[in-house]
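Shared chain: chain A. Partners: chain B in the first complex, chain C in the second.
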Partner chain A sequence: MNKKNAKAVRYNKWGYIFLMPFILVYMVFQFVPMVTTIYNSFFENYKAGLTQVGPNFVGLGNYQKLFESGDLWIYAKNTLVIWVMCFIPQIFLSLLLGAWFSDVQLKLKGSRFFKTVIYLPNLIMASAFAMLFFTLFSDGGPINSLLMQIGFIDTPYKFLSNTGSARGIIAFLNCLMWFGNTTILLMAGMMGIDTSLFEAAEVDGATSGQIFFKITLPLLRPILVYVLVTSLLGGLQLFDVPQILTNGTGDPVRSTMTMIMYLNRHLFSKNYGMAGALSVVLFIITAILSLVVFKVTGNDKRKG
Partner chain B sequence: MEKKRLRTGSGLSVYGRRLIAYIVLTLISFFCLFWFYVLFVNATRSNGELQSGFTLIPSTHFLTNWKNLLAGTIPVLKGMLNSMVVSTLNAILCVYFSTMTAYAIHAYDFKLKKYIYPFILMVMMIPSQVTALGFVKLASGMGLEDSFIPLVIPSIAAPVTFFYMKQYMESTLPLSLIEAARIDGSGEFRTFNHIVLPLMKPAVAVQAIFSFVSSWNNYFIPALLLHDDKKKTLPILIAQLRSADWLKFDMGQVYVMIAFSIFPVIIVYLILSKHIVQGVALGGVKE
Partner chain C sequence: MRKRFLSALLVFSMAAAALAGCGSEDKDKGSSDSTSKGASSENNSSGTVSDGGKVLNIYCWNEEFKSRVTDYFPGYKKKDATSGTIGDVTVKWNITPNENNAYQDNLDAALQKQESASADEKVDVFLVEADYALKYVNSEFAAPLADLGVNDSDLSEQYQYTKDVVTDSNGVLKGTSWQAAPGVLFYNREAAKEVLGSDDPAKVQEYVKDWETFGETAETMKKAGYKIMSTANDSYRVYSNNVSSKWVEDGKINIDDNIMKWVDDSKKLVDAKYTGAYDMWSDDWKKGFYPEGKVFCYFGPAWLVNFSMAADTEGSIGNKGGWGATEGPQGFYWGGTWICAAAGSDNSGLIKDIMLQLTANADIMKAISEGTDDFVNNQPVMEEMAESKYSSKILGGQNPLGIYCNGVKDLSLSNVTGYDLGCTEEFQHAMKNYFEGNATKEEALDQFYKAVVEKYPDLTY
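Let's turn to the complex of A and B:
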């Protein structure tokens, strides 16, 4: 026993050696930037025309400015609205498809084909996808031509100039990109449920609807919470699609401007104080949401 | 409406439910693929044909559009090459070092382990956008703007990939195997490279694809760092295309350019789809 311990100690220094690259790179490229980001949030530091203002220490001045100008709230609301518009159809489709794919009774043929197809949009470059939708839905674009050719509308519908349709396109695109991923996660969770539960329920005469709502859904709760929170985290990071679709303007009337687009704008105009404050706010929101994920997945003993 | 269908599904026979499932799945597949088909068709049409309306029949101008695009001002081929280099390096570094980090946590017992493991899990969720300010300042402070180094090196510390590797190791890598290698006189580094890595091949493949694709698609950070046209990656060029006065542009070229950044990924995906879909499911169950 003693000999084994000595040996273990001799080898265990390799644990540190193998950890070195990760720790070093993490410290330099993630930890240091985080500290500088927080540090910068306490300074006034921007360019007004050609004159450089600051950096001057202003304490919590940037935060005050951030919360007092109504912009943050507008953008937070936009982000949330678009996320909800995307998430509701997404979770709904994913539950339905997940239930079908994992249903042994149904024995769907070609389910591999369908899974391949629904996961495909997830891998597409979001900026290229957004550019594609921009061209397809532009005023003289193919979708308008199609709708006019089949006699659905007489004049082109300005998809990108109306709040509802602009947000709708962003939400639709995001839903399209993520529902496949969610479906596969939920399906994996559903397959993990002990099949004897379903058999017992069937023997007792439960309908497939009852089985879904009384057995599958409650047992799936941890994965559902995980999906919900990670999707919310993803929604908070919404950037590529609205940025490219609206060319960074967030039009119409800033209704599609998201939090990260706001951050990007500050970063591009080199307003480091405000960008810092906004980053810290986003960081705190992220941290709270992550803690929820951590708690949920940590407590989930069923999956071992 | 769909909910109702689910509830009343029990009233239907298995055949009825199967029929509904097939119809819905076909519809959804249509909505997933329609855009790419239109993209393909439009990439083969000339600007004049594109103005004349919508069609599902491909035309013959693909090569002309392609030549026009190459002759234009956007450095497409260079962009593709840049994207390739950055994404490939990303995939290699990310997978190799994440596996190494996971191995450190999995195979060794050291004092700081009980702090480091939860720490990595905690920082896993922090999105790169939140620290972008400090990151850009750091990169420009080191004179690394317009360089690929800040886009490639940080992938060594990828908590998500690490976590996947760690989970996979727990199920496939018995410690007794490492012990046996030691008895045979294999050094720790050699054991990792020649025994552990080959055993992890399925997980390595899946994660290499994921980190390649996410780097290929990455827009936010590269757009803040790369200003030189010769260094720009594809997503930045696409954004540039968007901010150009696109109405004056030859739309055929726009579609070819989009097709050019989307279709390679689709082709690779179709070849490897089996492993990718399984990989996602695996990550989900073990999460």
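Let's turn to the complex of A and C:
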């Protein structure tokens, strides 16, 4: 009896040892920063020029300041609006491409090539991509001169000075960068569906539209939820594209200022207190949104 | 038990090895340095400087100072793009762009580590602009020039305002500059001939002598297809240098009446499509450097036309000598670069040498002015050259030094603060929204206040 127990313990040990690297990395790079962020958010701690102010304990003072101005909700709304503008076309495009690529009957030529091509934008650095679009859509940039030459407009359209077009460009850029990734995820999900189901449906005389909506979509649900959640979390952290595109100002009138850009502005003055408070609020918002999405879409009771 | 201990030890050492790589190198360096010349780095905290260091670290935001040292400092040998040597001292250039306070943030971080940094890593020289000179001058991080052995008598030929900028609240001089930056109006000679009938500076001045006339000329220019300025921000400095109050008064953000006058005047110009609302330094702003850009004038000091307006590029107006200079509606200054010695530096002798050669040696300064068209910080040299046959190629053979000399006399920097750069940047960003009609004046001002408080949390409004 005793001997047996000792052996079991020995095996368990390896489990813990193999877990160690992850736990270590998680503790150092995730858990400790999170705790210190929460701790920092209760202090007044910033740099005024070259003099360090604080850290002085101010309790919930930073949170009060954050919510008093009410700006946080404007930036949260901006972030969500841009995310929705990016996600809806993206999911349509990805579903369509995924369905085409995974359908063996279509006998698409060069599908491997196109699968690579649609993923390529994601390999470019977001800031480089944003810089490119900044130049393309500047008041005297190529897009404007093109539109003027074909007689579509008379005077340059200020793409980056209008709320709709500025948000649109950011959403378009993000969509372009991420639809390949989403397509590949959805495609993997679609290829995991038992082909006999499709065949059976075809034998029963279902149209391809019916097959897509009645078979593919319902069975794809877990993957769709995963895509939705990861995209939402990514969307909430939207930063690099609008930051570069608007030079950190969030112009016009801060309508493209996302929450992380706001956070970044505080970090410029090494304002760890306010930045910490903002991060904690962001953490809570993210947690709530993820939970809501899981509850609404993930918990499929019909199965149980 | 022993085995468990052993495996835990193994895992731990593995993790430790993975994490430790970054820190060890500096420590070794530090210890070897402190043994060789520990004496020099011991008592630096008092703000004094010492001599005998082997590495001169220079912090700046563009290539300007580097090219001055390369071309005019006797004995400087270029090694590669970011380093060179003077005698047996290695010169290391640490260049960070200015925008969004990036240069200052980088410099601040380096200065704050000054005491613990090893001798070769210490900041020795850093450059500052008028917009934020006071922030450093009033701190203990900039060493008094007297500590380096540079005396007031050495700098007696410099313009007084360039010394005022870098004098701290106790009257101690902490920096020196090779240039003065009185601003003028640079106009496109081609456009002046075509629209105003003459490109003679005195005649053109008649059309831009005050803001009202300037606005009328803008109308004439628009009819001829020219923009009066590239962007409304071009004239910002002319207004902001003629203010009667500071950006920050008693910890509160304050907007001077003259700056609000800039907002109102500019709004009119933008609404009438006489000019754009682009950011300074953007591609759209730079279009006017070329004839196709159809821009009548830019406001700026000597360094703008010489250093920043694409004069080296084939086809630009400057390349063909197509600019002219005249006083414009009001006198102003813009920028200027000051050399400061960092407290704790171990190269005091060399720094003194650089300062004296570049900012007080009349021969070298004359060579700088002739070679780069810069307006150098030496009154007798400039006045002599204003009368001479010196002519600027970029300005089509005009000798602009007389105009600069006139402008520099009235310069006053009594209203500068350490917050000016951030305030100026954010004010222009915010007002862009007002000019383009995306926000009312109140909304734009509100945005400005918010942005400044984010940048400088110690201020209120």
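Brief remarks follow.
FYI, the second predicted complex is superposed on the first by the 249 of 304 C-alpha atoms of A that agree within 3 Å, B and C clash if a C-alpha of one lies under 4 Å from a C-alpha of the other, contacts with A are read in each partner's own complex, and residues count from 1 in each chain.
Keep in mind that, in the parts below, a contact is a pair of C-beta atoms (placed from the backbone, for glycine too) under 8 Å apart; a residue touches a chain by one contact, two chains touch by 3 or more.
Quick caveat, the model's predicted, so the values are computed rather than measured.
Looking at the shared chain after the overlay, A:D71 reaches chain C, while chain B stays out of its contact range.
In the superposition on chain A, A:N271 makes contact with chain C only, not with chain B.
Contacts of A:F57 after superposition: neither chain B nor chain C is touched.
Of the two partner chains placed by the overlay, only chain C lies in contact with A:S161; chain B stays clear of it. Once chain A of one complex is fitted onto chain A of the other, the partner contacts of A:Y119 are limited to chain B, with no touch recorded for chain C.
Contacts of A:D251 after superposition on the shared chain: chain C is touched, whereas chain B is not. More chain A residues lie in contact with B than with the other chain of the pair chain B and chain C. For the contact definition in use here, the residues of chain A common to its chain B contact set and its chain C contact set are 13, 17, 21, 28, 135, 140, 247-248, 268. Within the complex formed with chain C, the residues of chain A that make contact are 13, 17, 20-21, 24, 28, 46-51, 53, 69, 71, 135, 138-141, 158, 161-163, 247-249, 251-254, 265-266, 268-269, 271, 274. The residues of chain B lying in touch with chain A in their complex are 2, 6-11, 14, 17-18, 21-22, 24-25, 28-29, 31-33, 35, 38-39, 42, 50-51, 53-54, 97-98, 100-101, 103-105, 107-110, 112-113, 116, 120-127, 129-138, 150, 153-154, 156-157, 162, 182, 188, 192, 213, 216-217, 219-220, 224, 234-235, 238-239, 241-243, 246, 251, 254-255, 258, 261-262, 265-266, 269-270, 273-274, 276-277, 280-282, 284-287. On the chain A side of its complex with chain B, the touching residues are 8, 11-19, 21-23, 25-26, 28-30, 32-37, 40, 92-93, 96-97, 99-100, 105-108, 112, 114-121, 123-129, 131-136, 140, 142-143, 145-146, 149, 176, 180-181, 184-189, 191-192, 207-210, 212, 223, 226, 233, 236-237, 239-240, 243-244, 247-248, 260, 263-264, 267-268, 272, 275-276, 279, 282-283, 286-287, 289-290, 293-294, 297, 303. By the touch criterion given at the top, residues 4, 7, 11, 15, 19, 100-101, 105, 108, 111-112, 135-136, 139, 141, 276-279, 282-284, 287, 418, 429, 432-433, 436, 438-439, 443-444, 447, 450-451, 454-458 of chain C touch chain A in their complex.
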